[in-house]
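Every chain is named by a letter (A, B, C and D) in the order it is written, and numbering of its residues begins at 1.
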Amino acid sequence: MKVGVVGAGLVGATAAYALTLRGSCSDLVLTDKDEPRAQAEAQDIAHAAPVSHGTRVTSGPLEALSGSAVVIVAAGANQQPGESRLDLTGRNAAIFRDLIPGVAAQAPGAVLLIATNPVDALTDLATRLAPEHAVLGSGTVLDSARFRHLIARRAGVDPTHVHGYVLGEHGDSEVLAWSTVTVAGLPVEDFMAARGLPWTPEIRAEIETGTRDAAAHIIGGKRATYYGIGASLARIAERILGDRRAVLTVSAPTPEFGVSLSLPRIVGSGGIEGTVMPRLTPEEQQALEASAGVLRQASEGLEN
Amino acid sequence: MKVGVVGAGLVGATAAYALTLRGSCSDLVLTDKDEPRAQAEAQDIAHAAPVSHGTRVTSGPLEALSGSAVVIVAAGANQQPGESRLDLTGRNAAIFRDLIPGVAAQAPGAVLLIATNPVDALTDLATRLAPEHAVLGSGTVLDSARFRHLIARRAGVDPTHVHGYVLGEHGDSEVLAWSTVTVAGLPVEDFMAARGLPWTPEIRAEIETGTRDAAAHIIGGKRATYYGIGASLARIAERILGDRRAVLTVSAPTPEFGVSLSLPRIVGSGGIEGTVMPRLTPEEQQALEASAGVLRQASEGLEN
Amino acid sequence: MKVGVVGAGLVGATAAYALTLRGSCSDLVLTDKDEPRAQAEAQDIAHAAPVSHGTRVTSGPLEALSGSAVVIVAAGANQQPGESRLDLTGRNAAIFRDLIPGVAAQAPGAVLLIATNPVDALTDLATRLAPEHAVLGSGTVLDSARFRHLIARRAGVDPTHVHGYVLGEHGDSEVLAWSTVTVAGLPVEDFMAARGLPWTPEIRAEIETGTRDAAAHIIGGKRATYYGIGASLARIAERILGDRRAVLTVSAPTPEFGVSLSLPRIVGSGGIEGTVMPRLTPEEQQALEASAGVLRQASEGLEN
Amino acid sequence: MKVGVVGAGLVGATAAYALTLRGSCSDLVLTDKDEPRAQAEAQDIAHAAPVSHGTRVTSGPLEALSGSAVVIVAAGANQQPGESRLDLTGRNAAIFRDLIPGVAAQAPGAVLLIATNPVDALTDLATRLAPEHAVLGSGTVLDSARFRHLIARRAGVDPTHVHGYVLGEHGDSEVLAWSTVTVAGLPVEDFMAARGLPWTPEIRAEIETGTRDAAAHIIGGKRATYYGIGASLARIAERILGDRRAVLTVSAPTPEFGVSLSLPRIVGSGGIEGTVMPRLTPEEQQALEASAGVLRQASEGLEN
């Protein structure tokens, strides 16, 4: 079970590290146009393997991707303080036009897992650039994790007990689908009441802001975000490698919205194997359509 | 099961991330004199918890360490390109004199796991500064991992199949105890012969250099090393938390050498529970004594 | 981290095996009045440790429980084909009166995790016999797993995607709380609709019967049930050992119902740390009260 | 990732349970000529999945094996008290002649992992009956685990710290290769000396007897052995599924000995990918040849 990582920057390397620590694959190869960096990252990660599960971690040129079951694409520029994800579109689209056909040629049969931002537009683009491949974007898997983390903190439980989806764009227009939130299986307001914990519009607003601004806040404090996304990418890759048919809010072209965006989707060895549309409130539905609108506009000019 | 991390820089944060990805503890708190950094790191790591095992990750002042079973100390300056680990002694000893008594006071009963360099001298110092605590240094756990990784690559096996110890200083004088090396249980030369693989003095020399220069090489390519050490710290902490009585080359004051250095030691909930001295060749034994000499000299002036 | 198992029969040994395979503890001791059986089970399980996570598995007399953080009690008679769980009450209560005070004396500070049937009545009894100990029963953790398994099969997803509680008695009067069921976070009927899967009263009835009759059905085919309960006990024990504060439907004395029964409860190192009562439909609430009534009646004559 | 199990008796079901508890595969199917038993075992195991990693566990006819990456074969009679493994030869060979061609037809491309005894002779036979398949036997993986467990107990360490091979027959003539034994990387006698522990010919003899008689002893106390072998089978299957290229003492036809027996072999997705012959003492070498002689004799009459 081999995983390839294209773009051994903070995000790509952290995803590779997460896969190594969890023993999710037997072989892992990092590739980057900055070869010394890819080599140094691969070495540092390889030193984690003897005290983990023995994954063989190497670096190499694009050809080294051959035989990968999953290729994670995290190459490209990332947000600078003050920039939004959409500001990256042009630069990263150019990189993708250059890069993806080669990746596709070297790794036939691999599922391509896109992380580069803006992830929805680039998933769309990668789908067109690699028409024979299953392609999906990390989408709002990370945003859903952030949302759950903040709810869990309020509820005083560990975050695996919280369920709830963030849908639409991985970005400012994303939809926090409160109607899907449960804590330990109870509607969030019931859980809070049962535990005698406060639950007010202010707290909800604070969680909304916290979710939406998490990246900006972390970038403010440490210049980049990579731990959360690294773990999210590892999780998605594991579900593909193990053919788990797990439900994750990954991004993919969605005909009814005319663009790539995140909905809960069944993920297995073939990539996306179905979509499970939750029943949203009218407000949520409207917000989702608005988010799709933002994405459609952002995608203009990316028509391959 | 709570773990504290003091110094939420690259090493401390990466160790916390590794613990979160593996679900090694239920609670994790990061503390740093740079509070916004600790907060941003804790947030980024916390976003990995919902897609991992639900660890509750927070940041806070020193008081937040209360209740920790293990405290990892990674605060301090790290090597710049061209610097050796010992160059850091004065600066980091000053930080320890300031910091360790407070850590000890806030986390009575915790095992202190030291990562800051030069790790042997600082383990020595921390032992004196926290006389009621079990203290150990990450020592050559990382170097042993690097050594095994390089042998594994030559042997064509996964690195968990390689055994072998690096002893003495975590630094230039460390001893690669070739006499302890086995691959899949066979002496390394037998394994290579059985697989028809080359095994020459040149290859051994290359592995020696590769092990000793790994940090410098990685620092050259990516400015700092943190993945290997983060996983090593997580592994040591797990062995303490789970009372595993595992054998690891951690650093601790060693009366027969008059200084702290690494030997294979049994690690459990009480910290170090014994030492298992392998039979070395005369050359290895001599090199170990020389390494102890280097360390004794470096420790001068650190007498608390 | 030591776990004790009292009663090394099919259930006790299987729980010990599950803990060993998952590496949930460092030490495991089995005790049984049939000493050769405990010894043979411990040996067979111990042979799994070298190919798992190295747990030390031994057998011994009651004194060997000393130092355990959790003691699983699975001693006693089990159901014969045609018997209900309540038929075991008298025999197993007598065993408990004999056994529990000794267990409590040997393992001060341990959380007692009761598996012996009828588990609710015996949890009640054990609570009185070990007044200084935290005591909980495996309750409907297993029944909830069975319920989820059957729903997952219909939904075509893996069973970790299904949430839903079985409450009340671990036995015929248990309440399948359909109002708490979600699949991938969607109400079960929404999920089935989204996937184009049938969902009818007949299917629900089939799942109800399947859950309630699972034990009888398995006993018919293989004489006893132990895999599901073994994994459930391991899961509960792990949550206690790791202080996870996880929500599980374990059994404990419940003042508002005047008897021990299962509700979703927060489980951590101190045993039960709270209860999270879901909002039930009036029918479910009534069924829960009826179940409590059955249990109160069954407990009569067990007043220590 | 699907695993099939043929023969849902104690051994087959326990292996399936181990795979489920560790989440080693996404799908697991049990098949047995006793269909109600296969169904009951699959159900009981399936109830472990919701509290583990969500494996989908089912039962079915031979056709249900389709799509398996590994098929574990544990169908057949097992030893009764007083019987040796070789006494089972005729009965189980007949079952194999009947069964294996059908298994091979239903699961093209699967690696066949044989557990039925006498495992060496039946691995030989299965290799001939399924000439297109990679076939290997569990061999002395279990015996090596037993050997390590007994040494670990004497050494006071956890058994993952002990290395050492049992070679040749899975049976009375097996060779305990003491020359390959290390504890925490030290030759066993050095480790014992370093820890001040006794190490005498009597202790070695006791460990030899304990290893060789483990099965008989366990069968005496609980009628059958299945936990150790179940975990061993799970481990081997995991190494195949994950293409780990791990070294395990599995059984396979070995031209230089003219029969199937166990040597340390590299196990990956293609089954056995190489053999690593340790340097044995002359006595060990001779004992290995004697063991091969026993096996050759036992194989007579099995020439398909």
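Miscellaneous remarks
In this section, a contact is a pair of C-beta atoms (placed from the backbone, for glycine too) under 8 Å apart; a residue touches a chain by one contact, two chains touch by 3 or more.
Chain labels with UniProt names: A, B, C, D = L-lactate dehydrogenase.
Note that this is a predicted model, so its numbers are computed, not measured.
Between the chain pairs A-D and C-D, more C-beta pairs are in contact across C-D.
In this assembly, the C-alpha centroid of chain C (L-lactate dehydrogenase) lies 32 Å from the C-alpha centroid of chain D (L-lactate dehydrogenase). The mean-CA centres of chain B (L-lactate dehydrogenase) and chain D (L-lactate dehydrogenase) are about 37 angstrom from one another, to the nearest whole unit.
Once the centre of each chain is set as its mean CA position, chain A (L-lactate dehydrogenase) and chain D (L-lactate dehydrogenase) turn out to be 41 Å apart. Each of the following residues of chain B (L-lactate dehydrogenase) touches two or more other chains: 26, 54, 158, 161, 244-245. Taken as a contact graph, the chains are fully connected, with every chain touching every other chain. Partner chain D (L-lactate dehydrogenase) is touched in their complex by these residues of chain A (L-lactate dehydrogenase): 1, 25-27, 54, 242-245.
Chain contact summary for the complex, chain D (L-lactate dehydrogenase) toward chain C (L-lactate dehydrogenase): residues 13-14, 17-18, 20-22, 26, 36-37, 39-41, 43-56, 141-142, 144-146, 148-149, 152-153, 158-162, 214, 217-218, 220-222, 225-232, 234-235. Looking at the complex, you find that chain D (L-lactate dehydrogenase) touches chain B (L-lactate dehydrogenase) at residues 156-158, 161, 163-165, 180, 182, 184-187, 190-191, 194-195, 244-247, 264, 266, 274-279.
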